[in-house]
Structures are given as C-alpha cells and as structure tokens.
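Some structures to go through are shown next.
Presented sequentially are two complexes of chain A, the first with chain B as partner and the second with chain C.
On to the complex of A and B.
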C-alpha cells in the first residue's frame, strides 16, 4: 500500500509542474499591457512603470517569473493583484459563495443521482428503469445555459416562487435553482454509474450466498449490495466535489453569484494575470491532491487495484 | 466436390407412415456478418436510432443548403421590424430586437455549430486514438510520458483555459479559433479510453498469431490492435459532437465566441436574455434547437453504444 501511495505521489509531480507551467504560460502570454492599463488614459512616466514591473517581476524572463511564483506559492505568499489587493483576501471573499453553491449542488447529486441510481439498479428492466435512463439522457442534453434560463423564466418570472438571480443573497432559497443547474451536469453520469454498479453486485456470488443463508432482502440490499457497490460511486463523487468547489463560470454568470468562477472570468477579461494564475493553480493543486487521496482510498478499499497493474 | 453441406433440421411427422420432413435448412455458405455487420443489424432494429438520425439529416440539409428553409439573410436586420411576435407575416418565428429574422438565424446558426462540433470531434478522435494506441501498445516509458501528458491536460480547468486562450487569439476569425482551441483540449478522454482498450486487446491470441506470422510491431499495432479497440470510441465521439456544440454556444454566450453579427445559437441566446420577460420566444427557439441538437448526438451515441456493446445494457 505504501508503495502505491509513493508511486502516485511521484507520478503527480510532473503533472503538477506541467499543468502549472501551462497555466502560467497561457495567462502571462495574454495580449495587452496590464501595468499600463492600470493608469487608464492618464500619462505615466516610464520610471513608474519600471518600478511596478520590477515589483511583479515582469521584466524577468518567463521561467524566472514562474519560479518566483512557485516560491511564493510554497511560502504561502500568494501576492497581490495588479490593483493592489491581496489575492488571499480575494479568495477569502469569494470562495465561501462557491463552497455554498457547490455543497448544495453536491446534495442534489447524491439525493437524485445516487438515490435514483440505486432505485433503478435494483429494478433493472422495469418501466421505471427505462424511463429514468431515457430521461437522464434528456436531462444531460439540456446545457446549463438553457436550463438556467428556463428555470429562471418558469420559477422566477412566471410562477414567481423562486428568486431569479442570487446577487448578494447567499441563502438556501436563492441558491436552489443555480445549484440544481450545476448538479445536472453530472447527475446523469451518477445515475448510470450507480445503476451499473448496483446491478453488477446484485448478480455476484456472495449476494446469492447471503440470500441462501436466509437473510432478509432488506438486509441483503443494505449490507451486501449497497456497501460493495458504492466504491466506484464514491470515487466519482469525490472527484466531482472538487470540480464543484473550483467554481462554475457559466452557472455563476447566469445567476450572478460572486463566486470563484465569476471572479476568474472577470479577472481574465481585465488581464489580472497574477490573480488568475494563483487562483487557478490553487484549485489545480486541490484537484491533483484529491485525486491522489481518492486513488489511494480506492486502492485501500479494493485491493485488486493495487495488485493489478494500473487502473486506466 | 462442393462444400455446400446443408445441415437440416428434421421434424417428426404426426403419422408414423409419413416421411420425416425437413424444415429450416441451414445455409452454411451464407456470409457471416462480422462484428460491424452485427452491430449494424442491431442498430437497425433500435427505434431510438431513427429519431436522431432524421433530425441530423434535417440539420445537415440546413448546413449545406440553408436557402431551402429560408430566403431571408440572417444578418439582414431592419430596425423597423424590431421584436415582431411569432407568426408575423414574413417572419415565421418573429424577429429579434435588432429586427433580424429569428428562424433564418436558427437555420444559418446550424452551420458554425455543426462545423465546430464535427471537426473538433474528428480532430480530437484522431489524436486521441493515436496517442492512446501508442501509449497502450508500447507501454513502458513512452506510456508513462503520454499518460502524464494526458493527466496534465485533464487537470487544467477547461473552461478557464478556453477563456484565456480565446482572449489570446482575439484577432483570429471565430470558427477556426474555436476549432483550434477545442481540439487542443478535446483529445484526452478518447486517448484514455483507447489506451485502456488497447491494453486489453494487445495480449489476445490474434495479435500473438500475427506476431508468429511475422508481422512487424507497427503493423500489429495499426492493423490488428487498433481496429479491434476502436469501437467504443465511436459511440463516445458521437456524444462528444453534441458536447462541443453546447460548448460553442456557451462560449459565444460569454461573448468570446463567434462574435459580430454572425448567426450563432449561443449569441442568439445571449442577446435574447435581456428581453426574456417581454419576448420569451426569442430566447425559447435558439434554446430549443440547441437542446434538440445536443439530444440528437447523445441519443445517436447511446444507440451506437448499444449496438457495439449490447451486453453493457443488460
């Protein structure tokens, strides 16, 4: 097991370097001169520009800039935006909003996705099964863009039962629509995954043995089928949770939520490179680390993974 | 001597004094269908294959011959005809706030959407299949490097990368820019799938026998392993077409896509959101077309999946 963990960590190092370097290159190669843009139309002396550029290491070669950035990251100094705001403050002010949205979306995913998946997995071949399978396809083909406006129009404007946009009201009622929209992206996948996993386990020998021993059907489902079929589902949900917490540009834009996604989008448009790179990298690290944790968890729960070569 | 041996099934007669009669002569000379033939036969039996196919044909006609559906130029907008309702004379689905014909914009919007969806999918599938096959078949250090490359691209937040890329390439015309950017990030899922399939296929007997017959490593990889691993990719790629079309609409909605006055479903949705309350129809129709198009490719991919791997469903 320890070998497996070490291997996963070693494998993550090139991925970390490669992806951060790529993000860094992408963002810093964006056109425009953000430092000059700070002053708008006002005249500014070359000396002032040079001082600011030195402050942000902008006159160094690209790779040195990247190393400065990594150094800042590892010494927990996230730096400041071009506008002079501490990046850590920016994150502290918008991340809670994304966290709330993501958590609520996650609840939807678990209740609807896993719940329906278990239900139809146990009733495979029934009408409810076919109906759920087809409607999950329909649901997944409605893009967040369309679903968002459809719900806004129906519940917000026509029926007037839910607030149309969120703005600064971060409460359950306001977040209901956006979190559902966010959740629909993965609900169909979760239903299918859960259903497949449940019906795989349902046909396993140990389930038949449990029934042969005379255990009640409810207990067979709870103890034998449910526990053994949840491993792949939990793995998927884990990775998805991180994705939810990384901010959703589109959903936050449609419902006007001041979260990570919206902030990143705004910063990209105005060329706030330091903030974009730092926030994106933080979530990248979160993604890579949680992937390792989930892989190791998976390997601990299912020893076949460790002894087999590598899961694709 | 002919080799047309026909196995016959015999049925015992009711009366003992009658001869046995043959039924259902088995023709052993009939050509076997093969993997793709059987998949096609299963596909033909699936009603859920015909519905999306019919809609896809309509879409393709709209892409190549948009003038069949409408005589109105989608970029011709007369402000005097602003915000006409559905069914207004000369404008089947009404007009936008700028006075453009909604129906005409829907028809002409099919072209960039399908161009982007199909070309990006083909490019992504091409690179994904090659990278996945090489990684899965060669193994060792090459596999380790390619797998890390896949992981690097997957771990990048995709929407963010698209937006940053689009900011960088502001001057390049819309469709090419989007095709390029989507393709850069569009190959990883296929590569992963292909790699797993190739790893499962490369140790099968037919590959070993090809080796025994003296076929080169390269020949085995592309003549035997690749064709035997590619089937699931086709279903996934079909579903991807819809996903890229939706992404194009989303990007255009954010104002970073096709731009200008070009007909694009995403742009139309974006423009219509401001007048959602007074003119919901303007928002409804592009949304409907986008959902139907996305559903078409998902249903088509699902039907292909069933045809290729019928066991997975049951």
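On to the complex of A and C.
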C-alpha cells in the first residue's frame, strides 16, 4: 500500500511540471507588453522599462522565467497584483470563504446524493425510486441562477427564515442556502450514479453467494454491496470536490460571497493576468492532490488496484 | 440432534408443483415467462440427485427458488417447497436466512465472479461460519476460533497452507482454488443439502475431476445430500444416483441414473443422450477419403496438386516477457507437428498449455520467437510481412473463435458481416457478393431472411453458424477453430460439429481444432496433438491416442472426461 501511494506521488510530479509549464507558456505568449501596459498612456523612459524588466526577470529566456515562477510558488512569493496587493494575501482572504461554502455543499452532496442514491438503488422500481428520479431531474433542470433567486425570495424575503445574502457573515446559517444551490448541480448525477452502481452490484454473483451463506440482509448490504459500489461514486465525488473548491462564480455572485470564484471573475474582467495565473496554478495543485487522494481511496477499497491488477 | 448419517434415507426436501415466473416490462407490454412449470421432486437425506437440461431449461432457476435466491423479477408463483417439515414458499425472510448456509449450502457456477473481490478470503469464509453457529444454538465464536474454523474448512476443501490463504484476496487465487473456497464456504456449516450449480463447468477438465472427486468424498463423509445442476449428462450420471431431466421449464423424466441412460422414455432425453459427446464412442462418420479438389488454383504457388501436409510446424517456440519480472514465459516450447491436408487435427490441453498461442502463430497473428511454420510448403517468415502475400495467405486460412457473441460486430447486419471479406479482397460485383452471401447462409443451414438481421437477435448456435459462414466466404483451405463449440449447449454443439463435418466432406477443408474438451476431439479429429506446459507430450491419430495413451498426462486428461465409464 505504501509503495502504491509513493508511486502515485512520484507520478504526480511530471504532471505538475507539465501543466504549470503549459499555463506559464500561455501567459508568456499573451500579446502586448505587460510592463508598458502598467503605465497606460503615460510616457515612460526606456531606462525605467529596463529596470522594471530586470526586476521581474522579463529579459531572461522563457525557461529561466519559468524557473523563477516555480521558485516563487514554492517560497509562497506569488507576486503582486497591478494594484500592488500581494496575491498571496488576496488568496488568503478569499479562499477560506470558498472552502467553507464548498465543504458545506459537499456535505449536502454526500448526504442527499449518496444517501438517496443508496436508498433508491436498493429499492429500484418502487414508487420512492421513481419519485426521487423525477424530482432530482426537475431540480437539476433549474439553473442555479433561477433556483438561487427563487430560494432567496421564498426563504429570505417571504418567510424570513434565512438571511438573503452572505456578505461578511460566513457562518452555517448564512451559507445554508448558497451551499444547497451549489450542491444541486451535482446531486442528481450523484443520485443516479450511486443508484446505478448499487443496483449493478446488487445483481452480482458474489452478493447471491453472500446471501446463500445465510448472513443477514443488513450485513449483505453493508459488507458486500456498499463497499463495492462506492468506487465509481468516489471518483465522481473527488473530481466534484475540486470543482467546488475552485469557486462558484454564479453562486458567489448571487449570494454576495467574497470567494475565489468572485475574485477570479473580477480579475479576468480587468485583465489581471499574473493573479489569474497564480489562482489557476492553485487549482491545478488542488486537482493533483485530490487525484492522489482518490487513487489512494481506490486502493483502500479495492485490493486488486493495490496489487497492480487490472479490475475486470 | 441426530447426525446427518443417521437420518440417511429420510425425506429431506419435497418439492410439489413448483411454479416460477419472470416478468418483463410494465402495464400493457408486460410479458410473463413461465420458467418452471409444476416441478415436483424429492430428495432424501444423503441422496445425490442431478437436474440435467440445456441452458434455459429452468434447472438453475429451480435450484435458486429453493433458497429464495431468484434473480431479478423471478418469483415463485405456486406450489410448495418442504424442507424438513418447514414450508419455504412464502416463508418470512428470517426463516429463509436461517435455512441458508446451515440447512442448505450453495456452490455457485462461476468461481471467478462469486467471491467478493474487495474482501480477504478469510473474511468471506469466516462470515459464513459466524452467521450460522448461533443458529444451531452454539455460542458466538471468538475471532481466533473463527479463524481456526475457517482454516479447517479450507483445508477440508483441499487447500494447503490454509492459515496463510486466509490473508489473501480472491484475485491471487486460480479458478480451481476459488472453487475450493466456495465449496469450503458451502460445507463449512455442515448443511443437510448442498446445491451444486454447475460447480465445475468453468474449470479445466482435470481440475474438474479433482474437485468433483473431493466434493464426493466430503459429502460422503458428512452424509450431505447433493442436488447437482448440470448440462452435462455424463457428469450427472456419473456423480448422482437419481436424474431429473428438465426441458423448457418442465420435468420430463426422472428416476435412477442408469435406468434413464439405458432406457430413456422421453424423446428429449433420447436426443440428449445421443448428443452427449462424453458418452458417444467414436468419431462422427466422415467421408474420410474425399477426392474433391477444393480450390481452383490450389495453394499459394497456384499449383494444382495438393500436398500431404498443408501446415508443417517445426521447432516452434514462443517466449513472452512478463511485465515487471526478469524471467520470461516460454508459452510454446520447441513444438513440431503436421496438419494433414483435408483432415481434422486437434490440439488439446488445459488452459495455459500453449495451444491457443500455437494457433495464433499459425494464423500469422502472433510473431514467432524461434522455429518455422510452413504453409503449403512455404516458410511463413518469407511472406507474412509482405502485404500482398500476407493478404492472400489470410484468404486461405480463416478462423472461428470461441465466443459467438463477441466475434460479430453488433452494428453490422448478418449479410454485411458475411460479405465484408469479399469487399476487403475486392472480389466480385455487389450482386455477386450478395449471391455468394446467400449461398453461404444456405450452406450453414440458415434461412436467407437472416441476412437483414443483427447479431443480438440470434441465438448462440445461430451466431456460431454465421461465424462459420463468414470463415467460408473466401473459399479457404484451412479453418482454425479456436474452442469454437465450447460455449454451446450439447445439442447445438452436436449440430455445429455435424455441419463442420459435412462442410469438410463437401469442400475438402482442413481443420485445426483448438480445444480443452477431449470428448469433442474424439468426435471430430483424425489426429490429436496433446500439449502440456508449452510442449507436445503426445501426438498421433485420435484412435491410438485415446485407446492407448502413452503419457500419464494424456491418461489423466482422458480419465477426467465426465461420464466416460458410466455405461462401460
């Protein structure tokens, strides 16, 4: 198992280098001179430009610049925005908000999505099954924009049970509505995936064999159906978690949350390239780390993966 | 509590008028299939009974209905199942759970899919024991005791080093070992009745024999009654005292095994006995001396006279690299044999013996490490890498694979599948291609209407006929049949073998049969090559090999054919 984990981590290194290189190359290839752009229409002397270029290593070849970029990344020296704010400060101020919102949404996804999925997977063809399938389809068909405003109107304005927007109040009650809206995007998929996986495994030969042993139905479900059917669900949840942490532009806009999504949107609008690159790199690291975690979970769930055997 | 042996001969299981139905669709489109109709039979304590029938006859459904393990929409809709004075039809799930394991054990069909891949072997055996000890009034067992009992159960089922085995996972076990684990699980709680659902049909014939022998000894010792489910009449007759023959959901005949074999009453039973390859004695009578010039233009050179041997294999060796390991696997080791023109040569051996590797090299689908293959006198090395010659070679040698489901493109209509080789080799106009296709369908005894249908609409036997028709499209000289009838029911198998035999007589084809089924070999092969671990251990004409096997390995293989000595 330890070998397997180490192997996964080593494999992540070239992925990291390759993709950061790609992101960096894209910025490098962007048209226009960022240093001149700093001064806008104001006249500037060549000497000043050279000083700034040397300061930011812009006169060095591409690969050296990339290495400086990596160095900055590892020393948490992420540079400053055009407005002069440390990018690391920006991230430190908005990322926790996104993290809270995403975590809560993830909890919703697991409880509602996986929970209902297991329930209807075991009762396939029943009324509860059809009802859940239809209502989850309806829910996912409503765009978050509409759902968000509708919930705000209903619970915030009419019933006055929940706060309308979040602003700076990052607590459970304020985040309840936005995290639910964020979660609805994936809930229907998770229900369907879990349901299909559960009912697949339920028909497997080894489940019949387990029943033939005379063990109780509860044990059959817990020991033989549940664990085997969680493998595809965990893949999806893992990828989804990264998506949640990468910020939710719409939801953060609707509920006025100062999160990564909101900030990224703002920076893209004003063309703040260095900050955009840094945040994209952050997402990339998140993605790589979560993939390693998913792979390890796989191995924990399925011994065939641990021993490098292909899964039939 | 009286032991099982003392109860021997007393009624154990009484099934009366059992009806099982499956439903598909909803509302108006609802279709009900009667899988088992009014089945009645009885099993006494310690008795061994076999239900025989082809797939779809309802034999497995009957067995699964006994312990309420019907798949999907399956339901018992009538009748009664009495197990030691307890009614199981409509019983509460609590009672069924009590009977499963402790009262009735199940050895399932496919060892590869019947163990949970994510749990250790130990856990899977232990849970079977843990669930049942309390049922008989015993105290709950401690972890150490459970482990010990599980190890004993595995040892009894013939697995060595049982304590170490407990820590392993199913994927580290071979099929035979897994089947032993499943037998250990089924017998761990000393049930009164053991249902063995085709327990060895997924295994090699020699492993099959070892496992069945072992199972026999175990149930003999324990006094367990056995209900065998099998499609193999020979096996059923050999392993059980009573036979129940099922056909289309009904029991058509039952009684003592030998009685039924000798004096079958029902026409289906008669047909089944006639078709059983394990009981039939000799080769299907073929037109051995044919004077048919099969092809105009002859072999690769275009010469008209045919050689005595179409294929000559000389010192053939194939070595595979094993990923992550330094040592290499020699799959085929210095093999030399001939495939005589116009005759059937069989290569037999267990899985892993290298027989399919040899076939793939002869087909030019796999590279040769060492040695030579001569096709029609020409060394394969000289033409297999030259595109035009290789293409010509491929039109001379065709192949039919084991799985008739997997070898036809599901998106191609049958007609298109058969015409495709003609299109690839650019033979004839569209009209001519169509004519040839219809001619081929006729040759494999299928109606022309099949041409517009798709593979999923046909049965396994029909698909295998299509695969043969496609192989014949280009007028080949030789057809390699790689386990081509292994996946088929006995009756269908017999039909296909007859068809192949007729085609050989008619077209002068040369067959190379790759199979693990010696019973089939005896029916069709003129010459037999026996392989073990990549080497040829015996070769000669089929009669000699079968009647006077020289090598111990061949004798073992022959002894393992089920039902061979039943009528002796």
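Keep in mind that, in the parts below, the second predicted complex is superposed on the first by the 212 of 312 C-alpha atoms of A that agree within 3 Å, B and C clash if a C-alpha of one lies under 4 Å from a C-alpha of the other, contacts with A are read in each partner's own complex, and residues count from 1 in each chain.
Here is the rule we go by: a contact is a pair of C-beta atoms (placed from the backbone, for glycine too) under 8 Å apart; a residue touches a chain by one contact, two chains touch by 3 or more.
Being a predicted model, the structure only gives us computed values, none of them experimental.
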item: Chain B versus chain C as contact partner of A:219, first or second or both or neither; value: second
item: Touched partner set for A:228, first chain B, second chain C, both or neither; value: second
item: First, second, both or neither for A:160, with chain B first and chain C second; value: neither
item: Which superposed partner A:211 touches (first chain B, second chain C, both, neither); value: second
item: Partner chain(s) touched by A:11 [first = chain B, second = chain C, both, neither]; value: first
item: First (chain B), second (chain C), both or neither touched by A:138; value: first
item: Touched partner set for A:301, first chain B, second chain C, both or neither; value: second
item: Touched partner set for A:283, first chain B, second chain C, both or neither; value: first
item: Touch count on chain A, higher of chain B and chain C; value: B
item: Doubly contacted residues of chain A, that is, touched by chain B and again by chain C; value: 312
item: Chain A partner contacts - residues on chain C that touch it in the complex; value: 64, 67, 69, 71-72, 93, 97-102, 105-106, 108-110, 112-120, 127-128, 130-132, 135, 169, 171-172, 182, 185-186, 189, 324
item: Residue numbers on chain A that touch chain B, as the complex places them; value: 11, 14-15, 18-19, 22-23, 26-27, 29-31, 125, 137-138, 140-146, 149-150, 152-153, 157, 196, 246, 249-250, 253, 261, 264-265, 268-269, 276, 280, 283-284, 287-288, 291, 312
item: Interfacial residue positions of chain B with respect to chain A in the complex; value: 148-149, 151-153, 155-157, 159-161, 163-165, 167-168, 170, 192, 195-196, 199, 242, 246, 249-250, 253-254, 266, 269, 273, 276-277, 280, 283, 287, 290-291, 294-295, 298-299, 302, 312, 314
item: Complex contact set, residues of chain A against chain C; value: 203-217, 219, 223-224, 227-228, 301-304, 307-309, 311-312
